[in-house]
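Common to both upcoming complexes is chain A, partnered first by chain B, then by chain C.
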Partner chain A sequence: MSLSTIEVDDVRHEFNSETFRDDYTFSNSPEAIARFPFPFDRDEYMYAVNIEQHMPGPPKSATEFPIDIDEHYVAEMADRARVLKEDPLRCQSLPHMLMAEWDLLDLLMTSMARDYPRWFSLERDGRKWHWINRPLGIEQRFVFGDPTTLPQGPMEYVTRQCQGDFCLLDQRDNNLWLDAGIVTSQADWSLDFDLGMNFIEWHGPVPLAHNMNIFDRALKFLMNLQQGRPVRRLNWTMTVNPRLDTSPENYHRWGIDRTTVTPENVGDKVHLRVELQALWRLPRSNAIVFSIRCYLIKMGELVTQPKWARRIHRVLRDLPPELAEYKGLTNYRAATLEWLSQYDDGAPTSPGFYPD
Partner chain B sequence: MSDIKSRPIWGRIRPVAHAARHFVCCEGSSAARHVAETFSPNAEALKQVTILYGNTDRNEEAGHTLDALGAEASLHYPTRQTLLISFKAHLKRLHMGAQIYLCGPEAFLNEATAIAESHGVLKEAVQTELCGANARRVQCVHCKGLIENVAYTPIACEHCGVNLMVRDHYSRRLGAFMGVCVDAEAPGDLPARESF
Partner chain C sequence: MAGESFLVRVTHADPVTTSVKRLRMQAIDGKTLPPASAGSHIILTLKTPNRLLKNAYSLLPSSLDGGTYEVAVLRTEDSRGGSTFVHDALSEGSELTISTPVNLFPINRRARHHVLVAGGIGITPIAAMAEELFRDNRSFELHYCIRNEPNGAFLKDLQARYGERVHLYHSDIGERFGVAKALPQQRIDTHLYVCGPEGMIGAVLNDASALGWLQENLHAERFLSPGGGDPFDVVLRRSDIEVTVGEHESLLEAIERVGVDAPHLCRGGACGQCRCSVVEKDGIIQHRDHYLTQEEREAGDAIMTCVSRLKGQRLELDL
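== the complex of A and B ==
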């Protein structure tokens, strides 16, 4: 079912019209720059189990609400639809994960309707649910728990309407198993390849962190995750061009972009890519949702905040070589550093993430 | 030895005394000889043993060694594909309490363990041992094509032609290592070939 054009037009203008491929028209408004989840609270970076409670952040920040919907929403959902059309393996769920899928649908619809009532609404009458998504022009009545009443599986249905990649982790045998997910805006990992792996296995390729017992400690922590007490962490990498779909599946196509960076185009081409990762314990299935919400910002946009400009220059400059290699920065790190150095006068930076 | 955590670790096959049934699937003559050596001291158990043998290197003598064990059944197949078709058919009829023994080259173990897993066999019920080449089974992450018996890296994908680096990252579900484009950022520039 779709809503009338009038109702959709009413809210559509609140979202950017932009692309994450081909002509790459993506950009951030000044408001989006101000709320960007900058991931460095000091002038250097090393792995840490940087997990904290997913508590509401300041008004208008990326963590004000549990699920963040921003100006890129409509364009990101269009990009996801296109990825899925070209490669259905980006969305997979093992048969025992259906209850967790309904849990996810409940979590996302409930959060979105509560925190963005202008855009989404949800009415529940027992198992009969009525969902309205105004920005995308969708109206759906369905029976909670009955997958035949939705056009796709519950996970795919709701995540085609929510920013961020989502994985559903089953907990058994003292481990967490990546048994379902929708992954279309990933930093170079493959859901199809990793599906069915446990927590330690799917983090296998990450350098250094295993020796620091990062994953053993994180796993232990997550196995004890409590319902109603979600947690979050920030992760980051860099991406050339604002491409959401930096999948290994398409790496043979986008990898060459990393050779196109010159000192002249750094400001527009090189992006900091931040993942706001959050984890929730689900009530019915006892599974865990692992959401990976991607935020992109051009170097040219980032340096409008002088503190961030100085800090990112120092972080990139002092990054251990293994991490630079793992994050795929080798080909354009030098050009990026040279460009950023003009914004770093050596002045001290204030502690914490937020701009001055 | 790689310290990648998803890398499979193969063990040694040892007949389990209390198993209700024993089900052996092996490929290649060195695997056949090893199975014969391992099971021959267990004459009593052999009445409950079914052996599937892939005679992939055309070694009739090794096959005879298996037949001479006196197992309940000793069945021979000409290729890996025919061996594994039979393996699947037998798995569907296997009862609880059966112990499965897989023995052969790495690429065979990659595929056979994935088949067992997809048929819901518990990993405690499967023993494995590498016997033969350590050439791997690889999936091209770009076209999803599976490549059998990959002995070195990099290698051109036999399906889509992309030059692949074989990473140590391994999927038990797919029974394959991951192959990822190696020259995306410098087309044609390939690192020196390394054998596994």
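== the complex of A and C ==
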């Protein structure tokens, strides 16, 4: 079912018309820059188990609501649909994860309808649910728990309508297992490769952190994650061009971009890529949902905040070489640093993430 | 550190057998109780005349929509008086504080067949599992050990709903769950879940191990209550507070009584969340949990505050 054109047009103009491939017309409005989840609270970076409660942040911030919908929503969903059309294996779910899929659908629809009533609505009459998504022009009546009443599986259905990648983790044998997910805006990792792996296995490629026992501690913490007490952390990397789908499967399309950075185009081409990762315990399945919401910002946009400009220059300059290599920065780090140095006068920066 | 809690009202309270009482609860503070997975438990805060008790009870089958929780409580002659309070003082209209559900006894959804084994009041999480497996059309069998039929909580309901999947064992005529008979018939991808008295759980797990079952296919939930013991003094070094742990009180409850928010989750010695570093002690720690390894117990520098105690005068904790 779809909504009338008039009702959709009513809200469509609130979202950017932009692309994350080919002509790369993606950009952030000044409001989006101001709310960007900048990941560095000091002038240096090292791993930490930087997990905190996923509590509401300040109004208009990326963490004001549990699920953040922003000006890129419609364009990101269009990009996800294209990725899935070309490669259906970006969305996979093992058979025992169906209940967790319904839990995820409940979490996302409930959050989106509650926090963005202008754009989404959900009416529940027992197990008969009625969902309206105005920005995408979708209306759906279905029976909660009956997958035959939805056009796709519950996870795929709802995540085609929600920004961010999602993984569903089954908890058993004192470990967490990546047994379902939809992953189309990832920083160079593959769901198809990791599906069925446990927590320690899928973190295998991360350098340094294993020796610090970070994953053992994080696993223990997450296995005790409680309902109603979600947690979050920020992760980051860099991407050349505002491409959401930097997947290993498509490396031949984007890997070469890393060699195209020159001091002249850094401001437009080089992007800081921040992942707002959040984890919830799901009620019916006892599974955990791991959401990975990607935010992109051009260096040219980032330096409009003087504190962030100074800080990112210092963080990139002092990054350990293993981390620079793991994050794929090696090719264009020097050019980026050279460009950023013009915005770093050496003045001290204030503590904390937020701009001055 | 404590999880989310709900204020609830008892909407139904009825005897299931002469010694088991069922409570149904609904939220009264505008919240909706979320659905719960089979095997979950909640903590009831019981304001008994003598002390504040926090007891864990497994949830009976939950609906997909949530909204209400049900627990079934066996009247026991425990020293703390929790079950007596539930039986004698709680009725329709009573108000309680409960915790959000926690599941330390989950179904393994990858198993192809599930063997559920319950002894007595251990039926509560097992009944929730049976219902979830039944609803999902999964293969399972239920072995229920009771004293006799009038003593078998939910027996008629279980038989009516699950038919030949239910196998009964009457202990008063000497019947016993035939581990050695039932288990060798199982496929390699069968999982077994047992809940009941400690002796029964131990026997089932031992027999299964002896028959070559993989540890990861065996699951047990023990009804561990803190139990009492001689009083002792505890010093919370970081909070700079000293308090005496009463003979019917757990260490964790004493810590909470003086207003210190100590970590905890299951309150039954299983999850490991309440592990606390011991700074000094003048006696022997009575480890009653199922979490610390033998080596960790012998080291004596950590204690699970929810169930374990000191046999001695004074315990100093890093809290």
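By definition in this document, the second predicted complex is superposed on the first by the 356 of 356 C-alpha atoms of A that agree within 3 Å, B and C clash if a C-alpha of one lies under 4 Å from a C-alpha of the other, contacts with A are read in each partner's own complex, and residues count from 1 in each chain.
What we mean here is this: a residue touches a chain if its C-beta (ideal position, glycine included) is under 8 Å from a C-beta of that chain, and two chains touch if they have at least 3 such contacts.
Computed from a predicted model, the values in this text were never measured in an experiment.
*Asks:* For A:Pro88, using the defined touch cut-off, is the partner it touches chain B, chain C, both, or neither? Pick first, second, both or neither.
*Replies:* neither
*Asks:* I'd like to know which partner A:Met197 touches here: chain B for first, chain C for second, both or neither.
*Replies:* Touch status of A:Met197: first partner only.
*Asks:* Can A:Gln226 be said to touch chain B (first), chain C (second), both, or neither?
*Replies:* After superposing on A, A:Gln226 lies in contact with chain C but is clear of chain B.
*Asks:* Which partner chains sit in contact with A:Pro58 here, chain B, chain C, both or neither? Use first/second/both/neither.
*Replies:* In the superposition, A:Pro58 touches no partner, neither chain B nor chain C.
*Asks:* See if chain A has more residues touched by chain B or by chain C, and give me that chain.
*Replies:* Between chain B and chain C, B touches the greater number of residues in chain A.
*Asks:* Considering only touches as defined above, state whether A:Pro320 meets chain B (first), chain C (second), both or neither.
*Replies:* Neither partner.
*Asks:* Is A:Pro205 touching the first partner chain B, the second partner chain C, both, or neither of them?
*Replies:* first
*Asks:* Where on chain A do the contacts with chain B and the contacts with chain C coincide?
*Replies:* Correct list for chain A: none, the interfaces share no residue.
*Asks:* Going by the contact rule at the top, pick out the chain A residues touching chain B in the complex.
*Replies:* Spelled out, the residues of chain A in touch with chain B are 89, 190, 192-197, 200-205, 210, 215, 248-256, 258-259, 331.
*Asks:* Note which residues of chain B are touching chain A in the complex, please.
*Replies:* 3-7, 139, 141-142, 144, 162, 167-174, 178, 180-181, 184-187
*Asks:* Which chain C residues qualify as touching chain A in the complex?
*Replies:* It comes out as residues 3-4, 34-37, 39-40, 64-66, 100-103, 106, 108-110, 136, 216, 265, 271-273.
*Asks:* Per the contact definition, I'd like the list of chain A residues that touch chain C in the complex.
*Replies:* It comes out as residues 96-97, 99, 102, 126-127, 144-145, 170-173, 220, 224, 226-229, 283-286.
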